[in-house]
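Below: one structure in structure tokens.
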Amino acid sequence: MKVGVLTGGGDCPGLNAVIRAIVRKGVQEYGYEFTGFRDGWRGPLEGDTVRLDIPAVRGILPRGGTILGSSRTNPLQQEHGIRRIKENLAKLDVEALVVIGGEDTLGVATRLADEYGVPCVGVPKTIDNDLSATDYTFGFDTAVGIATEAIDRLHTTAESHMRVLVVEVMGRHAGWIALHSGLAGGANVILVPEQRFDVEQVCAWVTSRFRASYAPIVVVAEGAMPRDGDMVLKDESLDSYGHVRLSGVGEWLAKQIEKRTGKEARTTVLGHVQRGGTPSAFDRWLATRFGLHAIDCVRDGDFGKMVALRGTDIVRVPIADATVRLKTVDPRLYEEVGVFFG
Amino acid sequence: MKVGVLTGGGDCPGLNAVIRAIVRKGVQEYGYEFTGFRDGWRGPLEGDTVRLDIPAVRGILPRGGTILGSSRTNPLQQEHGIRRIKENLAKLDVEALVVIGGEDTLGVATRLADEYGVPCVGVPKTIDNDLSATDYTFGFDTAVGIATEAIDRLHTTAESHMRVLVVEVMGRHAGWIALHSGLAGGANVILVPEQRFDVEQVCAWVTSRFRASYAPIVVVAEGAMPRDGDMVLKDESLDSYGHVRLSGVGEWLAKQIEKRTGKEARTTVLGHVQRGGTPSAFDRWLATRFGLHAIDCVRDGDFGKMVALRGTDIVRVPIADATVRLKTVDPRLYEEVGVFFG
Amino acid sequence: MKVGVLTGGGDCPGLNAVIRAIVRKGVQEYGYEFTGFRDGWRGPLEGDTVRLDIPAVRGILPRGGTILGSSRTNPLQQEHGIRRIKENLAKLDVEALVVIGGEDTLGVATRLADEYGVPCVGVPKTIDNDLSATDYTFGFDTAVGIATEAIDRLHTTAESHMRVLVVEVMGRHAGWIALHSGLAGGANVILVPEQRFDVEQVCAWVTSRFRASYAPIVVVAEGAMPRDGDMVLKDESLDSYGHVRLSGVGEWLAKQIEKRTGKEARTTVLGHVQRGGTPSAFDRWLATRFGLHAIDCVRDGDFGKMVALRGTDIVRVPIADATVRLKTVDPRLYEEVGVFFG
Amino acid sequence: MKVGVLTGGGDCPGLNAVIRAIVRKGVQEYGYEFTGFRDGWRGPLEGDTVRLDIPAVRGILPRGGTILGSSRTNPLQQEHGIRRIKENLAKLDVEALVVIGGEDTLGVATRLADEYGVPCVGVPKTIDNDLSATDYTFGFDTAVGIATEAIDRLHTTAESHMRVLVVEVMGRHAGWIALHSGLAGGANVILVPEQRFDVEQVCAWVTSRFRASYAPIVVVAEGAMPRDGDMVLKDESLDSYGHVRLSGVGEWLAKQIEKRTGKEARTTVLGHVQRGGTPSAFDRWLATRFGLHAIDCVRDGDFGKMVALRGTDIVRVPIADATVRLKTVDPRLYEEVGVFFG
């Protein structure tokens, strides 16, 4: 049996660990052959393949990125996209597909499986940890670790100059990275996309922190927005997902804080550093187990399913479940963490 | 209301994060006062206390160790131990106790609560992750991260000299650190206390790895034992918990591998480095949430309970549940990981 | 004898190591007392002091920032600034001053020493490594290490998406951080303030890298400028020194590359993360030795001098020598490194 | 022209950076071809070669170890060893040899050059930093960084339990790693092979540290020896260079401290972890510059020379100079650092 593998969407530490686990177990235990597709859906769409056997996956476990490459190509937006994929899979004798990706990439897999009968198994991937149906996604722990280390470093420079430091982290629609790294880094304010923030409240926290003779760190998710809509659109730039954004909330907020509190404020935008490099041990463990269970789904003929983490177990859920609802920060959790603000 | 806090047993990254969360929430939200007890149960036994207020917990989140100190003092083995504790708590007006510790420390808390009516709340702590009733304990992720980084480093020295490298990690009764760091580090053999190992099988894996032109890494938990009881007791030394051990399995195994395969083998014993230093972001998150929920137990008068992680939720379980059964590595999980051996 | 200590200018990993060494040796070996001045020259100007004895310097070696605080206050720009400093020193019985700082801070020390006879010893500090008369300054190695780790991480995200990644690092007038981190991180283009760059040449290197099937990393110092003056001033922002800058060269360059090569390009501005946090072992060593030798200068009555590194030796040079000429990147060194471009 | 390259002796972070620089500059600027020899002198002795061109050196800069492999094979101890090397070089048309190694490896190069007219250029390599004629060798900074990070971690575990922690680091004949990491890590005692130590003095420092309510860290080089020769030989084991040693000084010292002070003491032997893994930015910079200058020696026909660091310059010295005298720790430097003991 020949199995295809592809990775789609933004890169994420742990992708190579998934690929390695799939191939090691598939070849050694089930005698499968593998075809790697290059650059997400572009691979099967254009029949662009990579050799994928045990030598090809040696040494890739600690490496960030993906040996298969990635892209945001969406075959649903291409003429006869799905048909071309079916034809290419047939030509290459690929009988099943393991699709590693986020909402968009898995959405295509659902269509392929449901409407065209292509046997797909999904592996969830989002650095933002915002996919339902799984406790965590790989890459998230690495990103949180990098952001926390940066916040640790920024504390000393804030204290030395008694300045406010605003740290902008990833998170367009969900504030998980901000919440975890902000808590772990001892931030004094954490702002998430799930709740519009009140600039006055932020300034009150900042001021109270200075009164205790400490310099405040404000962690803000890229997608966080002020409550009153008074955000001035400043400049077109690209966020760390590679999409156009209208303004950087971090820089905007630093200016507001300076204006309203009279204290110096500086911004650091962590950007792509959060998604590159070697995965944390946690992410290597999670990604490897996802890979091992994904190839078991193939062996069991259990298609249309996605692997997911529940507690310490890997379970199988319908792919569609992953994308049905964005997993955002629970207001009660945000409130719980609020005891450290100010 | 005055609440006592103590940390017992071996130190563990994250202890300070727990203490800080308890004090921040207790003071700010519930208006409690706190008394820190020094060096585990020795503190209440001898009435040895430390100031514990908001200034005392500033800046401790990223610091390893425990500001309260720790010890293995067991009041149950002291004459009138429990009575002296009761008297000292009364003298100090301490009405409730938050006990942060492992099996032994929490065992005393259970006795105090059950037999003498001292209101206790437990926070589980074991670097080995071997407490039932919680998915993970804090400190474990940090230890796994340190061990994984060491294994990453050892790969290159193994390859350059085509030697076997045996890495001995913590884990007297449970192989969690070996399993997670071995998998994350791409080890070729992982040996855990839960399953006696066969030296011949280990040598077969080692030899097969060399045949593929790679140098093998063998990760072995301190408590792992060979199947056939042919382990030669060599020398008294102290393991990384501070207990006497009869022999280092790592060095013994390296000699066996040299003798049986003819390949050079070296041992690295990671030791105390695994339990010191700044906690990982994951452990800071977990430890902080444990602290926040422990003080909520006090507020709710929900004594005799211990906080625990289930999935992404913090729940409350009877303290006794934690210690009733050691959480060891499930044989199926060990088998799952075995696909990477050899 | 009572000795004053102050730290001026931007913060820099290693400042605390200098302070600790001065105090440890001064108290233990020479029986001195110390007065810490708060926030650079603001301290002696306003008579604002901090206790500075052995307990005060315990545990500060691995901590970034400065326990004395820092500022850019310049007494030469204040009415009777120097006279007020003299009066305050006299009032506090401070007989000598150890001044830790960069060009501006040391410039004041020179004036104080030369014109007003205040006995000063200097310790050079600049994260940019651009002070003459010393091989290296502390803080630089830490900054290079942080930038290199970031570049390592960005390689994988560049490769996965076949994008150009532009990394903007510190360096307004000198390109040392760009040169060292760019070389160590395996960058494909390195741009420094010392040599105006040709955008077309940069694009040629970028294109040649893609032809070899690799994604390019471009490291650019904050102060680098294009050759032909076609840089479009875009937006006022603050650079990582806290000064206003007219435009971010990193973002500007990424846009130029996209326009001219048709390849996707992203920018990461490392910012303040480069100057915070725990110093590297090299910087702790260098800073400590600077401190030990600075207090020896005081003991020897060798004022008006600054400590400096020459090879592996610490030597004494006139303070004025440090500031007479900016140490910029030698064109031959830049050319040597150019073999890795493209 | 065809140039041979080999790496001999123990591995060392930065070896791959040297190889990459030699090949990049040799091919691109001088049009040379390269032959890699496998496993040190074993390669030319047996004619065992590896392809060495630009694709072969891609991506190796951040990787520890050596892509050429290493060994301690000494052709001077083999029958007709040198003659066989000459014949193999001739057969392969190799006209010059770049030899990267320590005392032993470079010693062979000297003989080859002097007595048999084989044109050799040397690149010094020793993780211990004990080669004369160069300020630093690559790999040393990485080893010091790893040891310092371990000491940082051990402080917290020492403090929590008020125990002595003895850390044994590399350094058979020279105490550079102990001195630098001990100073950078804030150790309270540092013991080096250059000066026999007095156990009573060590215990006095340990006791004085406890009196100040801190737990002491003792850093001891593998090769350090007690003054009075009362060291009990305990057990044969292998040190981190792979040589047999008669006893571990770290464990021996911990036992002595326990016996004489009554305080608990634990030992950590850092071992091979110190020499593996990714090189620090400093070592990548140094190793790369060594490689660039070594190939310039070949181009200039400047044989019998070795590259060396002097301040910030790379210079050329006779290979024989490197090995004529071991560079040990200057007693005055050791005394300078002694202010931090106790």
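All chains are identified by letter, namely A, B, C and D, in their written order; residue positions are counted from 1 within each chain.
Criterion: contacts are C-beta pairs under 8 Å (C-beta built on N, C-alpha and C of every residue); 3 or more make two chains touch, one makes a residue touch a chain.
Protein names from UniProt, one per chain: A, B, C, D = Pyrophosphate--fructose 6-phosphate 1-phosphotransferase.
Source: prediction; values computed, not measured.
Here A-B and B-D were compared by C-beta pairs in contact; the pair with more is B-D.
Among the other chains, the CA centroid farthest from that of chain D is the one of A.
Chain centres here are Cα means. That of chain B falls 41 Å from that of chain C.
Each chain gets a centre from the mean of its Cα atoms; for chain A and chain B, those two points are 30 Å apart. Centre-to-centre spacing of chain B and chain D amounts to 34 Å, using the average Cα coordinate of each chain. Multi-chain contact residues of chain A, defined as those touching 2 or more other chains: 152.
If each chain is drawn as a node and touching chains are joined, the picture is one closed loop, every chain linked to exactly two others. The part of chain A that touches chain B in the complex is made up of residues 21, 24-25, 28-29, 58-59, 61-62, 135-136, 141, 144-145, 147-148, 152, 180-181, 183-186, 214, 278, 280-282, 284-285, 288-289, 292, 310-312, 336, 339-340. On the chain C side of its complex with chain A, the touching residues are 10-11, 13, 15, 63-66, 69-71, 146, 149-150, 152-163, 165, 234-235, 237-238, 242, 251, 264, 266-273, 275-277.
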